[in-house]
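Each structure below appears as C-alpha cells.
In what comes next, subunit A is part of two complexes: it sits with subunit B in the first one and with subunit C in the second one.
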Partner chain A sequence: MRHAVALTLAAVLIAALARAGLAAGWQGPAVLGIGLLATAAAIAAMAGLSASDTLAARIATPALFGALLLWLWEMLVVGLHISQVLLPSPSAIAQAFTTHLPVLGADFRQTVLRAVVPGYILGCGAGFAVAIAIDRSPFLRRGLLPLGNLASAMPIVGIAPIMVMWFGFGWQSKAAVVVLMTFFPMLVNTTAGLAEAGTQEQDLMHSYAAGYGTTLRKLRLQAALPHIFTALKLNSTLALIGAVVAEFFGTPIVGMGFRISTEAARLNLGMVWAEITVAALAGSASFGAIALVERAVTFWHPSFRD
Partner chain B sequence: MIEGAPAAPARRLRDGACLPIATVLLAVLAIWYAAALVLNAPAARAVLPKQAGIAAFAGAAWSQTRPLLPAPQQIAGTLARDLFGWPLNAPRNLFFQASATVAEAALGLAFALALGILLAVAIVHLRAFDRSLMPWVIASQTVPVLAIAPMVVVVLGNLGLSGLLPKAAIAGYLAFFPITVGMVKGLRAPDPLQLDLMRTYSASRRQVFAKLRWPASLSFLFPNLRIAVALAVVGAIVAELPTGAQAGLGARLLAGSYYGQTLQLWATLVMASLVSLAGLGAVGLIERGMRTLRGGRL
Partner chain C sequence: MKTLLLAAAVAAGLAMPGVARANDKLTLQLKWVPQAQFAGYYVAQAKGFYKQQGLDVTIKPAGPDINPSQVIAAGGADVIVDWMPDALAAREKGVPLVNIAQVFQKSGLELTCRRDSGITSPANLKGKTLGVWFAGNEYPFFAWMAKLGYHTKGAHPDVKVLKQGFNVDPLLQKQAACISTMTYNEYWQLIEAGMKPAQLIVFKYQDEGVAMLEDGLYTLQKNLKNKAMVGKLARFLKASMQGWQYAINHQKQAVKIVMSNDTAGVLNVTHQARMMQEVAKLIPGGKHGLGYLQPSAYTRTVKILLASKTDPVITRKPVGAWTHKVWNAAFKH
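Moving on to the complex of A and B:
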C-alpha cells in the first residue's frame, strides 16, 4: 500500500515534469523517455492499489486511470502538434470551459432544467402509473408487455422531428421526446419488478388478511425497487440524449444540442468539448445520485451485500 | 378434465398472448385514428364546405397531404410507394436508404462485439483492469454519446474518413457497453464449485476459459446483444443527421423535417423500426442455431 502511494506520487511528479518539458520546448526522445517512465510508474501504482480493498484504493485506482488517460491525451495532442481544430487538448478544453461559463450555464438551464427534468419526471411517472394500472389485469399485461418490449427496442429518438413539428422549437418538444423515450423502459421494468415477489411472501401477506393495496405497498413495490432503479438509471442517460438530439431538429438559439451542432459546424471544437464536459458531468452526477439513493433504499439486495 | 373448465382451444385463446396483443393493437389503432381526426380537424375544415357530413370530414382529415398526424393507411401507402415505387438504386427508394443504415449498424456491431468481448476478458482476468477500467466503462455511457455524434462525424470527415466508418464508429461506441457488461457477468457466472472442479482437473486458465467461462457466458451474451442491436441502429441513424450525409434513414428524417413532409417522416420512422426488428430477429435466429448446436441449451 505504501509503495503504491509512493509510486502514484512519483508518477504524478514525472508526468508534470514531462508536460513542463514539452512547454519548455524539449525535443522528442527526452519527452518520450520521461513520458514512458511516468506511464510505467502509473501502471505499477494501479497494480499496487488494486491489490488493496480499502475504500480509498477503490476510488484512487479508477481516478488514477482517468488521470493517466487525460495526461496521455494532453501529451499526444501537444507533443505531436495535432491541430486544435481536430482534437483540442484537455487544457484548451478547460480554458474554453472557464471562459464560456455563462453560455454553458444558459445552455444547461435550457436543456437540462427545462427539458430533461420535466420530461424525465413525466415519462418515468407515466410508465410507473401505467404499470400499476395494468397490474390488476393479466389480460392487459399480456398484451402491453410484448409491445412495450418492442417499443423499447425501437429508435424512438427518430420521433424527435415530429415532436418539434407538433410542439414547436421551445423546450416543450424536447420534453415530449424525453417523455416518450423514458416511458417504455419504466413500464417494462416496473411490470417485471411487480412479478418479483415470491409466492411464499404473497401467501404470508394473504394470511395476514392484507388487501391488494397493502400487499402492493408493503411487499410487491419493495420487491420491485431494484428493477425500478434499473429503469431510472437507464432513463437518466436516455433523457439527456433525447433532449440533445431533439435540439438538432430545431431550437431557439440556446441549448446544448444547438451549441454542439453550430460550434462543430464552425470547427470551434474547444467549445464543443466544453459542452460535452457539461453533458458528461450532468450525466455522471445524475447517474451517481440515483445509484446512491438505490444503495440506501435497496440495501437488502444481494448485489449490495458483501 | 374438470367440469366447467373451458375447452382447450378457448383456454389457449384466453391464456395465450395473441388475443391480448391483438386487443391492445386494435385499441392503439382506434386511438390513432381518433387523434388524427382531432389533430387534422382544422386543416380538414379549411378545405371542406360548411355543411359537409361527418363522413366527408373524416375522409378529408385522414387523407391530407401534410397532416399533423397521418392516418395509418396513409403511412402504409407512403411506405409501400417508397419501397416499391422507385428502382432499387434510386436515392428515393427506401430500401436504398435503409441499406446504408444497416451497413453502418452492422459494421458498428462487429466493432462493438470485438471491443466488448476483449474488454470483458481483460476485466475478468486482470484485477487491475477490473478496478481501473470498469468505472470508466460505466462513465462512458453517462456521456450523451449521441449528442457528440455529429461532431465525431465532422472531425473524422476532416481527417479524410467519411462514408461508412465514422457512423459505424458511433454505432459501435453505443453498442459495446451492453456487450461488455453482459460478458463480464457471463464470464463470472460459473460458480466456485465448477471452478474448483476445473482446478482438480488441473486445467490451465486458458482451458477454464475455453471449456467453462466462454460457454457459460453465451446465455448472458444474447439478451445483451439484442439491446446492442437496437442501440447500434439508433447510433447509425443519429450519426447520419449532420448535414452532408447523403444516404441513410437519418438523412431522410432530417430532409423530411426540413421540408415538412410528415408522411415521409413517418414512413422513415416505420422503416427504422422494421430495421431494428429485423436485427432482433437475426439475433434470435443465431441464438436458436447455437441452442440447437449445443443440444438444446445455452
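Moving on to the complex of A and C:
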C-alpha cells in the first residue's frame, strides 16, 4: 500500500511536469518520454492499489484511472494542437465551468428541478399504478400491456416537438416527454416484480385468510421491490436524457438542452462540455442515491449478500 | 486478347478530345436545406457554368443543427454560405473564416407579430413573448433589444424570449406574440397557413437599423495563401454569380432546378417561386456588381455586434475577416 501511494505521488508529479513542459514549449519527444513515464507510474500505482481491499484503495483506483484519462486528453489536445472548436481540453472545460457557474445553476434548476423531477414522479407513479391495475384485471393485462409497448417505441425526437405544440414551451412539455419515457420501464418491471412472490408464501397468506390488499402490501410488493428499484434507476437516466433532448425543440432561453444546442452552434464547446459534466454528475448522483435507498430497503436480496 | 484490350484502351485515350486536366473539385456547404435561397449555386451547376470554369462542384445542403463553420473547421468543405455575425464569432473562437463575397446585399430577417396581441410599434414589445431563432441567427434580435433598452434575461426580463424552432407554429398557436421570420420564407408560411397580411405586423431589421450581413461566401484563411486555391475560388465565384444573375432573370427555370435538387421531396413550387422572387430583391445592391462586399456594410455589421454589451457576440474588432482578392481575381481583369 505504501508503495502504491508513493507511485501515485510520483505519477502525479511527473504528469504535472509533462503538462508544464508542453506549455513551456519543450520538444515533442522530450514531453512524450516524460508522459510515458508518468503513465507507467500511474499504471503501477493502480496495480498496487488494486491488491489492497480497504475503502481508500477501492476509491483511489477508479479516481486515479479517471485522472489519468483526463490528463491524457489534456496532453493530446494541447500537444497535437487540436482546435478548441472540435474538442476542448479539460482545462478549458474546467474554466468554462467555474466562470459560468450561475448559468449552469439556472439551467440545472430549469431542467432537472422543474422538468425532470415532476416528470419522473408522475411517470413512475403512473407506471406503478397501471401495473397494479393490470395485476388486478386480466382484461387490462391483455389490453394495456401491448399499448404500453407501442408507447415506449415512439422515438423521443418525434414526440418532443408534438409535446411542445400541445403543452407549450415551458417545463410542462419537457415533463410530458419525461412521463412518456419513464412510464413503460416502470410498468414492465413492476409487472414482472409482482410475479416474483413464491407460491408457497402466497399459499401461506391464503391460509391466514389474507385478502388481496394485505397480500399485496405485505408479501408481493416486498418481493417486487428489486425489480421496481431497477426501473427507478433506469428511469433516472432516461428522464434526464428525455428532458435535455426535449429542450432542443422549443424552450425559454434557460435550460440544459437549450444551453447545449445554442452554445454548440456558437462554437463555445467548453460550455457545452461543462453542461455535459453537470448532466453526468446529476445522473450519477440520482442513480447513486436510488442505489443507496435500494441497498437499505432490499438488504435481504441475494445480490447484496457477500 | 491482351493485345485487343490494349488496342481498345489506346483508341479510347486517343478518341478523347484534348483534355488537359480533370475538373478541379470544390465542395460548397450551404447554410440550410436546398431551397430557392441558394438558387444561384444550383443553377450554376445545372446550366454547366461551373463546368465551363473547369470546376466539379459538390453542393452540400445543411439543416437544423448543422453549422457551416463547424463543417469547414472539420475539413468537410472548401467554401461555405454563412451569415457574417456567425462567421465573425467563429473567427474569434479560432476558425479563421474570411469573407470572399457578399451575395445578399440586403437583410431578409424580420420579426413578425400578431396585430391582435396589441403590438403596434417596438415600444409595445415590453412584456410580450417573442420567438427567436438561435444557431447563429439571434444576433440581430439581441442587438435590437439592447438598442431598445430591453432586458431579455434574469428573473424579470422586459421581454420573454423563446428559442423558436424553424417553423411558424408558435405564432399560429398564440404561444408567442412575435416570431422570427425571413422575408422570403417563414412570412409566406404564415400566409399559406391562412393568416392575412392585415393580421400581421412586420418589423424588418433592415428598417430598425440593426440589420447584419446575411448570406455570404466564406473560406478558411489558409486557402487564400494558396495561389491555386485562390484561382479555383475565383472561378467558382464567377460561375456562382453568373448562376445568380441567370436565376434572377429566369426565376421560373431557377425554381424548377431547385425543385429537382429536393431529394427529400418536401418543397412546394408556389412557396419556392415566392422565395425566389423575394431573394432576388435582396441580392443586387452595389454599383460594383453581384457579390461585392461593401466595406461600409461590413463596418456597420461589426459596429452593431460590438455595441451589444449584454452577451457580446464578438469582444474584439476582427482583423482580416474579409478580402476582395477573390472577387478581383474573378471580375477584374
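Throughout what follows, the second predicted complex is superposed on the first by the 290 of 306 C-alpha atoms of A that agree within 3 Å, B and C clash if a C-alpha of one lies under 4 Å from a C-alpha of the other, contacts with A are read in each partner's own complex, and residues count from 1 in each chain.
In this section, a contact is a pair of C-beta atoms (placed from the backbone, for glycine too) under 8 Å apart; a residue touches a chain by one contact, two chains touch by 3 or more.
Small disclaimer: the values here were computed from a predicted structure and weren't measured.
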{"item": "Which of subunit B and subunit C A:94 touches, first, second, both or neither", "value": "neither"}
{"item": "First, second, both or neither for A:85, with subunit B first and subunit C second", "value": "both"}
{"item": "Which of subunit B and subunit C A:262 touches, first, second, both or neither", "value": "second"}
{"item": "Which superposed partner A:241 touches (first subunit B, second subunit C, both, neither)", "value": "first"}
{"item": "A:46 touches, of subunit B and subunit C: first, second, both or neither?", "value": "first"}
{"item": "Partner contacting more residues of subunit A (subunit B vs subunit C)", "value": "B"}
{"item": "Partner chain(s) touched by A:249 [first = subunit B, second = subunit C, both, neither]", "value": "both"}
{"item": "Which of subunit B and subunit C A:165 touches, first, second, both or neither", "value": "both"}
{"item": "Touching partner for A:276 - first (subunit B), second (subunit C), both, neither", "value": "first"}
{"item": "Subunit B/subunit C common contact set on subunit A", "value": "85-86, 161, 164-165, 248-250, 261, 264-265, 267"}
{"item": "Touching residues on subunit B, where the partner in the complex is subunit A", "value": "17, 19-25, 68, 127-128, 130-136, 138-139, 141-148, 150-151, 154-155, 158-159, 226-227, 229-230, 233-234, 237-238, 241-243, 249, 253-254, 256-257, 260, 262, 265-266, 268-269, 272-273, 276-277, 280"}
{"item": "Residues of subunit C defined as touching subunit A within the complex", "value": "65, 67, 69-70, 73-74, 89-90, 93-95, 132, 134-136, 138, 152-153, 160-165, 169-170, 173, 175-176"}
{"item": "Contact footprint of subunit C on subunit A as seen in their complex", "value": "83-86, 161, 164-165, 168-169, 248-253, 258, 261-262, 264-268"}
{"item": "Subunit A residues within the subunit B interface of the complex", "value": "43, 46-47, 49-51, 58, 61-62, 64-66, 69, 85-87, 139-144, 146-147, 150, 152-155, 157-159, 161-162, 164-166, 236-237, 240-241, 244-245, 248-250, 256-257, 260-261, 264-265, 267, 269, 272, 276, 279-280, 283-284, 286-287"}
